[in-house]
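Okay, so chain A shows up in both of these, paired with chain B first and chain C after.
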Partner chain A sequence: MKKIKSERLYLSDRPPLTPIKVVLLAISYVLLLLYVFIVLWPLAQILITSFNGNQEAYIIIGGSYSFSFKHFRYLFEETYFFNWVINTIVIAVATALLTLFVVSFTGYAYSRYRFKGRKASLMAIMLIQIIPTFAGITAFYTLHSILSAIMPWFSRQMFLVLIYAGGGIASNTFILKGYIDSISPELDDAARIDGCGNFQVYRLIIMPIVRPMLAIIALWSFIGPFLDYLMPSILLSDPKSYTLATGLYTLITDQYNMHQPVFAAGGLLTALPIIVLFIALQNQLVSGLSSGAVKG
Partner chain B sequence: MSYGTTVRDDIGNEHPRKHLRLKERGELEVKLLQSDGEEKCAIEQKLRTQPVDDHPYEQALRKAREEEKSFLGEAEKRREACLSSIKDRDPRLRKWTCWLHESEARLDFYEPLVDMSYDFELAYQENRILARELPIVIALRRELLDELEEAKADLSSVGKEEQAAALNEFNEYRRQRKVSCAEEKEKIRQKHRQGLISSKALQNEQKRAERSAEEDILTKKRLLPLPKRRDRVRHIKHRLKVDIDSRWRVIHSDISDIRRKTPIEVKKRYPWLSMLTFPIPGLGQFLIGQRQKAFFFFLGTLFIYLAAIPYSLGVGNYRGKGIAGLISLAKDGKRLDRSIIFMIEGVIAVIFLVLAFLIIYMSYRDVRSTEKRMIAGIRKHNWFETRMVMRGKGFPYIVSAPAAILTIFIVLLPIAVTCLISFTNYDPTHQSKFSWTGLENYKAIFLGQGMAGGPFWRIMGWTVIWTLAATTLAIFIGFVLALLVNQDRIRGKKFFRTVYLLPWAVPAFITIMFFSIMFSPSGPLTTVLNQLLGNTDPSEMLNIKYTTWGTRIVLILLQGWLGSSYVFLLCTGILQGIPNDLYEAARIDGAQGFQQTRYITIPILLFQTAPLMIGQYTFNFNNFSIIYLFNGGGPFEPSKYGNLAGSSDLLISYIYKLTIQKQYQGIGSAITMIVSLLLIFITWMGFRRTKSFREEKL
Partner chain C sequence: MRVQLVNIGKKYEGRENFTIRNIDLDIASRDFCVILGPSGCGKSTLLRMIAGLNSITEGDLLFDGKRMNKVEPKDRDIAMVFQSYALYPHMTVYDNMAFSLKMRKERKHVIHERVMEAAEVLQIKEYLYSKPSEISGGQRQRVALGRAMVRKPAVFLMDEPLSNLDAKLREHMRVELVRLHKSLDTTSIYVTHDQTEAMTMATKIVLLNDGIVQQVGAPSTFYEKPANLFVAGFIGSPTMNVFHGEMKNGIFHADGGIFTVEPRKEDADLLRPYEGKRVALGIRSERFIAGEQEKNGITVVVDVIEMLGKEQLLYCKFSNGEECVISEPGYYEYAIDETHHFHFDLEGLHFFDEETTLRIN
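And now, the complex of A and B:
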């Protein structure tokens, strides 16, 4: 048997391994594993801390460990964590819907129609998307008080939705336009010959084809409010109306509220669904990002 | 402008004038241009003395018009006479039949007048189309109505027993079909057991069998007496709507074809109506006779005179004074008046005025082009044609209107306000009332003067260092990882990819806050670090958050950690897309593994990711959350940075502190403007080189 093994033909496409290559390969593995450790260690600490019943207000690493749900209990009973989750989800869903509604039309219009002012407004869109949303922070505050004077039901969260959706229009239009550009206009022509109007071409032909890209846009607009700290910290004042980012921040800055392990627990609960989402959809998310190559 | 002897229709064909007086005039005018001296005088004389109202043609035309008027005045009588003779009960059929009779009558009336004027010719042609097409529509509707009647009767005649019997039969069929389906599936399973088909095929075949059985049952169900007849009724109703609508569309487009081919003659030589009516959008359209279009422009008029203008004069403002408030900024105002509100309402007023101006301009352009076309001989659009234009050319404008409104008020308005604030002295001592100060803020920033402007250049310097260092580090890590992982011989690619994705997938604020805890004075990582360095004496203890460069280096490393995932994923995607032929060709030419990487992989990677990497640099330039959440911009070094900024503050977090926390909005806005212009410039330079821009594919 041994003989057969040594006489086996070398069937691989690759050239045979030389000793230098073995060493290089080993170094590669060492580097990769080292970075795996660098990535996982802090995340593991969050995970461990959040389940460690022996942690008090300040996190201590290397201390004794006892498994408990005490921090999670604290999170749900003593903080507004539940409110924050609801707020964030409502804002995220509303942002995604509004963005989809607005952008699906503009992407179609900019891709398929050559109208007056098209190039100028595309240029304007380009420039606008570069200016960061924070440029208007002074105005947002006052603008909201004017709006809520006219419409008392107009809450700060709604304003936040408008800001997120409005800020995303430019880049998302660009992404969607690029995607629709890649669909052959002959499909439209065929539909038109069969008697479709503009709206029908959009609804029956374009919409089904661009659905994957619309899903990506919706997903990004949905994730945005989960990740943003700046805007809600400016606009929202009542702890009950906070989003997750601002809410969790109070757990590590507020002198009276300080509970670092609870923050770890909240962070874990926030991160888990997003991590799952990212891992499941990584290819789509990356393609969505790279097609918006001009975004700043 | 001369009348000329011909008129031109919408397609571009020339038609001889039928209006004899205008034709004469046109001929004389043409002659006038070619003649000189005495002859010219004579022609001018003729032109001046040419009778207007007494011209024989005018008299004849007037007579014809009067006849037409009295003929049309009797239309009502004819209609009633006709109505009483119709046997149909359907209101639409009655209406259309009358219409048909009327158009036949008109056809006879206009026929002798065709040569007199193009208006009569058009009326003749239109009625000819109606007289030809209406019988078809009427017959179609009558037929469909009869069919519907019949189908409904059929539906209600289905007896209970009949339905029950059919249902029984159907149930029996369903049972049998299910049995046969099960048998079929069993056969497939047997094949699988015998090893004839794979388990994948087994699954597919079973599914197919189930589906075909389901479909057969559904088809049978649809053919039961009740659903079948119900379907028929629905079908006819649908046809009643759609088929007849489409016939009407054909009639309308035939008519607009005729309108395009039949010119119009007007006495007007100059488009004066648009000049006179432009202050009131809609009036011009109304006077021309485009009622429905006029209605929409009147809505614009309402907006202009009931909203835009009063608002800009200060009526209906929240607290401000319209445009005047923008200039005065509540100077000498009441105690409660706030300049910022005056400013924002002023900007809103300006936006309203611009919209108002746009509406006026659109309406003016519309009336003017209609008038000019009419002078040239082209008829005005009727409502059907206007609608077609709106659906075609107007479509992109209509659908992007919501986006435009949102962008104007949520994006442009705040930016404009920020721009204006940068020219004021909005600071802690002028919170409620500030005033215009020109370029003072910019001067303070560039010269580094004052409390707020002082640290600007220092912060700018750190921002540039930060942007370059942090982004380059992240790109480097991502690049190297991607190259390493995507080597042929590395196993466990999926595992590495998933792990390296994590820093990007975990919301950044969570990791940043967690690291902030770890590096706090008594935090775990600080302790570990001090143990490693052997510092045990509390006075010697290294404290990252209290030392400028300590904080800065940790921030850069942290961003390297956070940002590498994204670069890694992008590069991986591109690496997988590089065709293998390239490497094979290189190998044949004798390239070693390292050379392949150096001359194929890296150039492709760099080339394809360049625009996105520029994006990464601008992202870090504005990376507020990492700075603010990690150490609040600290540590604070009052001797160098004053009381407002910390030594790790970027411009963006400095702006945040100035405008939100310390109330130096004036200076903060000025810095915002500088940053934005800088970013726009850099991105613009980068974008100009991209392919899509150069190929004008925008």
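And now, the complex of A and C:
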């Protein structure tokens, strides 16, 4: 009988593991699992609570359980939840688009062009980072009094978009500039000879290469309005115009509205748009595209 | 297309001095012009000015008599192969090569034909649908060549396109490039620091150093009549032997009294004004003749032998330690530490003024 070769080919590029490395690897896995537990446990509680029909205004851990959608029903029927979702998504999308659009230009320009005041303005952008977004309130009060007189249609939500995008543009310009800096300028030259104008160089060559970075910037700018409570709570007065964060917050602070399980249900639904966007961008987030352009 | 450079100079922003200056060149249509020079002498700068990627600080660039200084690169009807390839990383090899044609709204089947034709010549058909990051350096270089080829440009600019290939492939590509140049009917301008490439491919060589044109001409002129000491030392492998000395009574006396040379009549006439002055004598390794002679002979000890098969290079030492390289046919028998006599082939002597380094004869 022929002997069957049972040996498997070792295909990994790394050296094989030694016993010590196996132990270390096991320890890292244990630590990681612990971390996963710490992260997932509260999430699991939210999930369980929001579907638990036996929970009332206050969450009681370890109480009896009966599956029901009543908290979700409450959310849609008794609160402005639907408005909040729409508000937040509109603000988030507007913020993401505005940030992407402006950062595309500023990042490319700062990386590729030499102009007067380039260094100084970069420095200024850097310094602006130190000022907390919260200080945007000051800008709001000064600008609002002027703008509301000239352009009455300029709503407070639009201000919110401006404040979010303003902060995002500053920091992301830096990030994108650094990323574009790492792309050989000879690529631009080649594209120019191949027949591209300035704008085409960005659209056809640079943008596809920096797409992973743009995807991350878009994701961050999109998530921002979902997480921020402070700015909308100060800027927005009408509960109908609230964003998700401020709107849901009323469910756990207001004596009359107090409904903690509903808050949990709302929190759960809030995650949905972000997850959808993340999955949509997943392919774009793959980085390392620029390798192979130049020698080496 | 005829390319003329009139008194061209370039000064980079933020630099004290001109990188290159007073460059005058006339490259005839269909010339294969090689710009040769050591690293950092401004070859790429010059090429990029012709391409329109660097601005021209002073002087005029003319294509067929038309001033091109302010014309956009894309409107110059040129193609360029970059020193670092500059392939678009997010496109496949095929798309990289097709890009320029797509930008010019060429018809699909024309694009396909041209790309396939180029891929055939460059032997990259198998990789047409790979990304640049998935192919080797040499393959990338060929893709970069292909990308320029498909354009069928009027002027073909290349910046050290063969520097990353292995010796065999480089030899093959040299021939291929010359063939390509002929079939494309273009004017090619080729930058390199490799004198072999320059000598084998060029119809015209421009040797650049210190931002100045040292010599312009056909490859054979460079070898047989180097215009100055720099050219003499730069062109030819092994490097030309240069001996310093003085003219006395029409006879060249080398420093250290290692030998004397009585130049032939034509050279002697030209050397007359240098009587009593310092002069450098250059001779290529193959211009030594083995054997003793009463006049114009040298006596040396063989130090190192480099056997190349067809010929052998003898690295020899004079009595005072001065060195020289002599090449002899490979079947002659020499051994290290032997003393041998050679004499100069008077036809192969180059005389240079030591002060100006310019050629005398």
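In the analysis below, the second predicted complex is superposed on the first by the 225 of 296 C-alpha atoms of A that agree within 3 Å, B and C clash if a C-alpha of one lies under 4 Å from a C-alpha of the other, contacts with A are read in each partner's own complex, and residues count from 1 in each chain.
In this text, contacts are C-beta pairs under 8 Å (C-beta built on N, C-alpha and C of every residue); 3 or more make two chains touch, one makes a residue touch a chain.
Since this is a predicted model, take the numbers as computed values, not measurements.
Peer 1: Is A:209 contacted by the first partner chain B, the second partner chain C, both or neither?
Peer 2: In the superposition, A:209 contacts chain C only.
Peer 1: After lining up the shared chain so the two structures overlap, which partner does A:89 touch, if you call chain B first and chain C second: first, second, both or neither?
Peer 2: Neither partner.
Peer 1: Give one of first, second, both or neither to describe whether A:184 is in contact with chain B, with chain C, with both, or with none.
Peer 2: The answer is second: A:184 touches chain C but not chain B.
Peer 1: More residues of chain A are touched by which chain, chain B or chain C?
Peer 2: Touching more residues of chain A than the other partner does is B.
Peer 1: Which holds for A:39: it touches chain B only (first), chain C only (second), both, or neither?
Peer 2: first
Peer 1: In the superposed arrangement, which partner chain does A:192 touch: chain B (first), chain C (second), both, or neither?
Peer 2: Only chain C; A:192 stays clear of chain B.
Peer 1: Taking the two structures together, which residues of chain A meet both chain B and chain C?
Peer 2: 197, 289-290, 293-296
Peer 1: Can you check the complex and tell me which residues of chain A touch chain B?
Peer 2: Where chain A meets chain B, its residues are 14, 17, 21, 25, 28-29, 31-32, 35-36, 38-40, 42-43, 45-46, 58-62, 101-103, 105-106, 108-110, 113, 115, 118-119, 122, 126-128, 130-132, 134-140, 142-143, 145-146, 149-150, 162-163, 165-167, 169-170, 173, 181, 197-198, 226-227, 229-230, 234, 245, 248-249, 252, 260, 263-264, 267, 270-271, 274-275, 277-279, 282-283, 286-287, 289-290, 293-296.
Peer 1: Touching chain A in the complex: which residues of chain B?
Peer 2: These residues of chain B touch chain A: 318, 340-341, 344-345, 391-393, 395-397, 399-400, 402-403, 406-407, 409-415, 417-418, 421, 426, 477, 480-481, 484-485, 487-490, 496-511, 513-518, 522-525, 527-528, 561, 566, 569-570, 573, 593, 611-612, 615, 618-619, 622, 624-625, 628-629, 652, 655-656, 659-660, 665, 668-669, 672, 676, 679-680, 683-684, 687, 690, 692, 697-698.
Peer 1: In the complex formed with chain C, which residues of chain A make contact?
Peer 2: Against chain C, the touching part of chain A is residues 114, 184, 186-187, 189-197, 200, 205, 208-209, 289-296.
Peer 1: Inside the complex, what are the residues of chain C that reach chain A?
Peer 2: Within the complex, chain C touches chain A at residues 13, 48, 51-53, 72-74, 78-80, 82-90, 99-100, 103-104, 131-135, 137, 140, 147, 151, 164.
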